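Take a look at the structures below.
Both complexes shown next keep chain A, but they swap its partner, so chain B is in the first and chain C is in the second.
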Partner chain A sequence: MNFYVRRVSFYLVTLWAAISLNFLLPRLLPGDPAAIMLGKLRRANGGRPLSEETIRTITSILGAEKGTSLWDQYLAYWGRLLHGDLGVSSTRYPASVAELIGAALPWTVILVGVATILSFVLGIAAGAWVGWRRGTWVDHLVPATTFLQSVPYFWLALVLVAVLAVQLGLLPIFGGYDVFEFPAGPEWSWAFVGSAVVHAILPAATIVISSVGGWLLGMRNMMVQTMSEDYVVTAEAKGLTPRRIRSRYAGRNAAIPSLAGFGIALGFVVAGSIVTEQVFSYPGIGKLMIQAVQGLDYALMQGVFLVITLTVLAANFLMELVYGFIDPRVRHRG
Partner chain B sequence: MHRPRTRVIALIAAGTTALALSLTACSPSSGDPSTRPLRVWSGSMTPINNDFNPFHVDTATHLTFGAIYEPLFFFNQLSADPPVGLIGDSYSYSDDGTQLTITIKPGQKWSDGKPLTAADVVFTFGYGSNVDPDMTSIEATDDTTVVIGYSTPKFTAASLILGSTWIVPEHIWSKIDDYMSETNQQPVGSGPYKLKAFTDAAYTVEANELFRDGAPSVKEVQDVGIDSNQSSEDLLKTGKLDWVGQFIANPDSVTASGAIATMNQQQDPTVIVTCADAAMGCTGAQTDPAVRQAINVAIDRSTIREKAFAGLAGESSPAFALLPRDEKWVSDSSLATSPQNPDAASAATILEAAGYTKGSDGFYGKGGTPIELDLFSPDGWTDYNDAAKLISEQAAKAGIRINARTVSEAEYWTPISNGDFQMAMYGLTQSLVPDPFSNYDQYFTTLSSAKVGDEPTKGQNYSRYSNPVVDAAVKAAGATQDEAIKKDAYASVQTEIARDLPYIPIVLNASQSFFNVKDFTGWPSDDDLYAAPLPYLSTASAIVLTHLKPAK
Partner chain C sequence: MADPRLPAPPAEPLPTSAVATERIARASRVRTLLPSMSGKLLTGLVIVGVIVLFGLVAPAFVQDPRDSGNPALLPPGPDHLLGTTKLGYDVFAQLAWGTQGSLFVGLVAGVVSLLLAVVFGVLAGYFGGVLDEILTLLTNIMLVIPGLPLVMVIAAYVQHTEGLGPLARSSFLVALVLGITGWAGSAVVLRATARSLRTRDYVAASRVAGERPLRIIFVEILPNLVPLLAAQLIFGVIFAVLGEAGLSYLGLGPTGSITLGTMLNDAQTGQAVGSGAWWWFVPPGAVIALLGAGLSLINFAIDEIVNPKLRLAPQAARRQRKARRAGRGIADDGAFA
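Coming up: the complex of A and B.
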């Protein structure tokens, strides 16, 4: 039990540090978001001077309150955070950051999450198989998949779209669902879910194709190593079926290091796949992040980074618990 | 233990594939043009903001401006004709330009059925960011007449006051105190369309039955959010989109089927903005007009047009007037176009006359210091990046060293706005009316500028150019409606700026538009340019929509 208490308290401290850093970082950056926003508005207003009222609204919303101490701002930040208030975006003014993230998060989690899990499962299964049958023709799978991984993602996605979506017309070109069929937006119907699934196939396929090679290679190498372990030889000597040895003896142990990597990969699911979302106009967090950075939208940046930090921590915590469960060695001190 | 699990996965996979196949089999066709919506990409990226507040010029949805809310008049950027009345019927200035009388068309209604009267116009000009500090009085003398008094002549502000102030209903907006944080998700406007459905991926507007000219023929318009030009090009080719305004290097691939037609407008000047005036705090060799003049003749604009702008851009004018639209305002025909071919010999003559000598490395310098200029452009704006590279090579042939580099977008705007730069690739916005006044006023006067270190607050003269002759001439032109006086004033402005070159003109930027002529008719053509067919322009896009008809 001691193991779990130690882990939980460690993660609580990390959480506090991460949130505080998230508060501090944008304030250490040069530049003044309110001034940038006011400049943009003035330009867009055809050079007309802005009214006092407008200026006051902007400065109070973008949190550039002059004369308050950093400590007061920190307390106010925690207060707002605990109420779920992440501020107002300046690039999408006056939409709230929480609302923007809330709308984007499910798309990212489902698309990138499913693609990451698929890629992991495929990579591990194929890697175990390739490792088991080392020295045969299946070895060619390793350079083939790593080659696909090394193809620039952007190019791969564009080629797939050009062939499958434009030339053959099999799959849709853009979006998270068919905006022409569902002009009123997402709804709970089979037709809509179907449309969303069809729209996810191509983006998910590109993510899987470009990441499966890494899992496969890692698993295959571990498999080869595990198979020369004494307990595998023992199992063979006992006359167990090759399938039983492959899955219960060699495979299970070989998968442990990959599982740790999987935890980290899961954490980064929320950061989205920036290029995927860009190429397919797919709704998601990665796009919000890139727009926030380009537009110097500090409130949105802070919100997105916070969500990413929290999920990376949560995923690591989860994997550590799982790891402690499947590999009892990590639970014991020394 | 693990066998059933594999079977479940296989089942899911098979199910997904089956679903995918059945769904793609019945994928939607573009449908009957008389009932289906017209689909447009006005340049919005996803997620689209649920915001129809006409005061949010930067962030509100595109169709807010023109299709839902309207200004009083439409100023066609492409023609020299007088503005077209929308809500407004006619307007006139007093002789000294300090009183503006506007009459509006009678019997108009807001989309919620309430009458639109002069009182709404009076309310709009006194509300929010529309308030002009120069305005001294405003009054509705009857239901259709508004009289506005100003403390200074407002001849040149007509397009701003009449053409880009969005008239809002008093009965709704008078209850909104904080117009900046309002998102106006159920807009009530006077335009040809009203909002039907909104999502952050696309939104749809439908014909406004109460529109003063009768409901438009195209009953529904859907504006889609797309994040990459490639996607919209693909959608256009596959018949899913009807109208876009974007750069496509090879337009023939899109128009080949005959369903899509294209037009190319060349209007906004692409320039090298220089930090021109040492007295304002600029540093570097470009503060010497001789260096700018030498660069002006040394560059090969025809090559730049071909290689960096895919042969689509137009020829720029050192008078900063749009030709042939502004023909009557350019008296010296030698200022109509910039030199298109390089002339290294003239560049050498100019530099040597100004006391520069060629060093052993083949580059000019003065007093032992070689000229070395910095020219930057935002990374990823490929036409700018390529043009900068070509300029650097061409200037080197004439013995002028220019180092082209790219910066991130954030790093691009800051030095330009505070003056901490030497030269940058830059785009100016062409004046919206057939009169180059706003070009001169916005980009060349001292009032529109600021010392290096400060940001201009009124105007966009980032070159820091300051010339009393130009200032006086612009002031004189702004205070009169007498064409002869204006022409004289413009002539002196043009002579000064074409000699001093605070902005070195490169090309006129191309704006391509693509539209479906198979399913919809009535698009602007070269013979009838009633509005620019660019879906991202405010008002003009709504004017085009009201002219369209579904093809039979």
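Coming up: the complex of A and C.
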């Protein structure tokens, strides 16, 4: 039980740190984001003065309240946050930040989630096989995966688009669904789901191709190490079938560090997918983040950063619970 | 491992990592291990060497990368080896300057993040106790907070600050931000190793002899971490070059200088993909991927030294197979078949 207490408290502290970082960044870094943001909002509002409420929200998110201490600002910030009030976007005025994020989040979570699981499963299976056949010609293929790993996500996406979408015209070039067929936006119908799936193929392929190498390599190296453990030699000496040794004895144990590294790798995948979304104009959270950064929409940017961080934290937390469940040693050593 | 009595590393200017591997190979006095890793190591060194040379030397020989006097969107030909961009810039010239810019960002960021990783990882691992708890907590927090979004947020604030002037969007500042956000992974690795090193007898001996902790860290611990440090520096450089490319592609990169990322950003805004100008966006990405692959290959070689099982197990399997083929095998279809 101690293990779970430790993990939960770590994630609570991290959560607190992430939110505080979000609070401190606009205040500690030079510049006056609140003034820029209010100016942008005023322009978006057609030059009319903003409501008191909006101004209060923006200043409590981005700072620059006159005459209040940092501590009071911090409390006000938490108050806003707990009410789910992330402010108003200036680039997409008058939509609220929370609305925009709510609309974009499912796209990214599904795309990145499915692609990551696919890439993980593929990489572990291939890595186990390559590690099993150590010392054969397969070893020479391993260095090739480093090339895949070093390919920038978005560049691979550009190449895929150029070849498959522009030259061959097989797949759609941009968007999360066919905007001409569904001008009213997302709806619940098979036609829409089909359109969304077709549009997700290239972005997902980009993520899978550029992240599968990492899993493969990690698994292969662990497999090679595990195969020289005494218990594997014992299993061989007992005369167990190679298949059984591969899956039950070596593969299972070799996969554990990969599971442990899953959360950390997820951070990279999220980063890569943000840029990939830009290539495909995919209507996800990454695209929103880029819009916010380019339009200096600080409220939206803060909100998206917070949501990305929370999502990654949640995924990490889930993975750690699974990891603790799978590997009892972790639970006991803490 | 790194014995001070050993002869100095070879005189020709090899990258740090190569020097590190060279020294370890000699120190462990297992000369037979050299040929087995030279394939990967050599390929890696050649790739990285060629790219570094290209970045250092080529800018002196190419035409002005911002000369818009050339015809626009020319495909590769004898006059322009890699064609021209929409604005008539020579892509080859841009590539030469871009490689130099990206290498600069990668190296600065790599060194910054390595220094931070040493501070957080080695200090935590060596001292233990409360300091370890605090530093490890900070490291773990940095590790789970996704890097690129954080870099984007910091860049968005810093780059719109009037007080910084031209520095605000310089490649140095971009490198600094990448370095400050990218050290956590290395710190975890270094901490684990430093922890195991501090229990070694020779470290305990120098502690009993009354050496100051900092001296123990610099003289007894760090030299033994050299291969790991080299590997982490290489990771840092790869991470930073990729990070810079992503940032620049999103329009958050350095504005004054040309990097591989800004080239890709130009290609994006110039509709290179839609107009089929592959010579514009393929070369910069390919250089990034090749550089990353070359550096990873060098890391492979380092990995096999740090972790002998990776090297010995395939060798053993190979020997066994050869023996079987020669009719000296033990089992006909044993588990190693």
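Everything below uses one rule, namely that the second predicted complex is superposed on the first by the 280 of 334 C-alpha atoms of A that agree within 3 Å, B and C clash if a C-alpha of one lies under 4 Å from a C-alpha of the other, contacts with A are read in each partner's own complex, and residues count from 1 in each chain.
Going forward, a residue touches a chain if its C-beta (ideal position, glycine included) is under 8 Å from a C-beta of that chain, and two chains touch if they have at least 3 such contacts.
Note that the structure is predicted; figures quoted are calculated from it, not measured.
Chemist: Quick check for you: in the superposed arrangement, does A:278 touch first (chain B), second (chain C), both or neither?
Modeler: Once the two structures are laid over each other on A, A:278 reaches both partners.
Chemist: Pick one for A:294: touches chain B only (first), chain C only (second), both, or neither.
Modeler: both
Chemist: Which of the two partners, first being chain B and second being chain C, lies in contact with A:158: first, second, both, or neither?
Modeler: After superposing on A, A:158 lies in contact with both chain B and chain C.
Chemist: A:18 in the overlay: touching chain B, chain C, both, or neither? Say first, second, both or neither.
Modeler: In the superposition, A:18 contacts chain C only.
Chemist: Taking the superposition as given, does A:267 touch the first partner, chain B, the second, chain C, both, or neither?
Modeler: second
Chemist: With the two complexes superposed on chain A, say which partner A:166 touches: chain B (first), chain C (second), both, or neither.
Modeler: Both chain B and chain C are touched by A:166.
Chemist: In the overlay, answer first, second, both or neither for which of chain B and chain C A:92 touches.
Modeler: In the superposed model, A:92 contacts chain B only, not chain C.
Chemist: Which of the two partners, first being chain B and second being chain C, lies in contact with A:113: first, second, both, or neither?
Modeler: It touches nothing on chain B or chain C.
Chemist: Where on chain A do the contacts with chain B and the contacts with chain C coincide?
Modeler: Common to the two interfaces on chain A: residues 31, 158, 161-162, 166, 173, 278-279, 293-294, 296.
Chemist: Inside the complex, what are the residues of chain A that reach chain C?
Modeler: 10, 13-14, 17-18, 21, 25-26, 29-31, 33, 36, 134-136, 139, 143, 146-147, 149-156, 158-159, 161-162, 166-167, 173, 221, 224-225, 227-228, 235-236, 240, 242, 245, 263-264, 267-268, 270-272, 274-275, 278-279, 289-290, 293-294, 296, 298, 301-302, 304-305, 308-309, 312-313, 316
Chemist: Please give the residue numbers of chain B that touch chain A in the complex, ascending.
Modeler: Going by the criterion above, the answer is residues 2, 9, 16, 19-20, 23-24, 27-28, 37, 39, 45-47, 49-51, 56-59, 128-129, 131-133, 160, 164, 178, 180-183, 196-204, 222, 224-228, 230-231, 234-235, 237-238, 240, 409-410, 414, 417, 442, 448, 455, 457-460.
Chemist: Can you name the residues of chain A that touch chain B in the complex?
Modeler: Where chain A meets chain B, its residues are 31, 39-51, 53-54, 57-58, 61, 88, 91-95, 100, 103-104, 121, 158, 161-162, 165-166, 169-186, 194-195, 197-198, 201, 247, 277-281, 283, 287-288, 291, 293-294, 296.
Chemist: So in the complex, which bits of chain C are touching chain A?
Modeler: Touching chain A from chain C are residues 40, 43, 137, 140-141, 143-150, 152-158, 160-164, 185, 238, 242, 245-246, 249-252, 264, 267-268, 273-274, 276, 278, 281-282, 284-285, 288-293, 295-297, 300, 303, 307, 309-310, 312-318, 321, 334-337.
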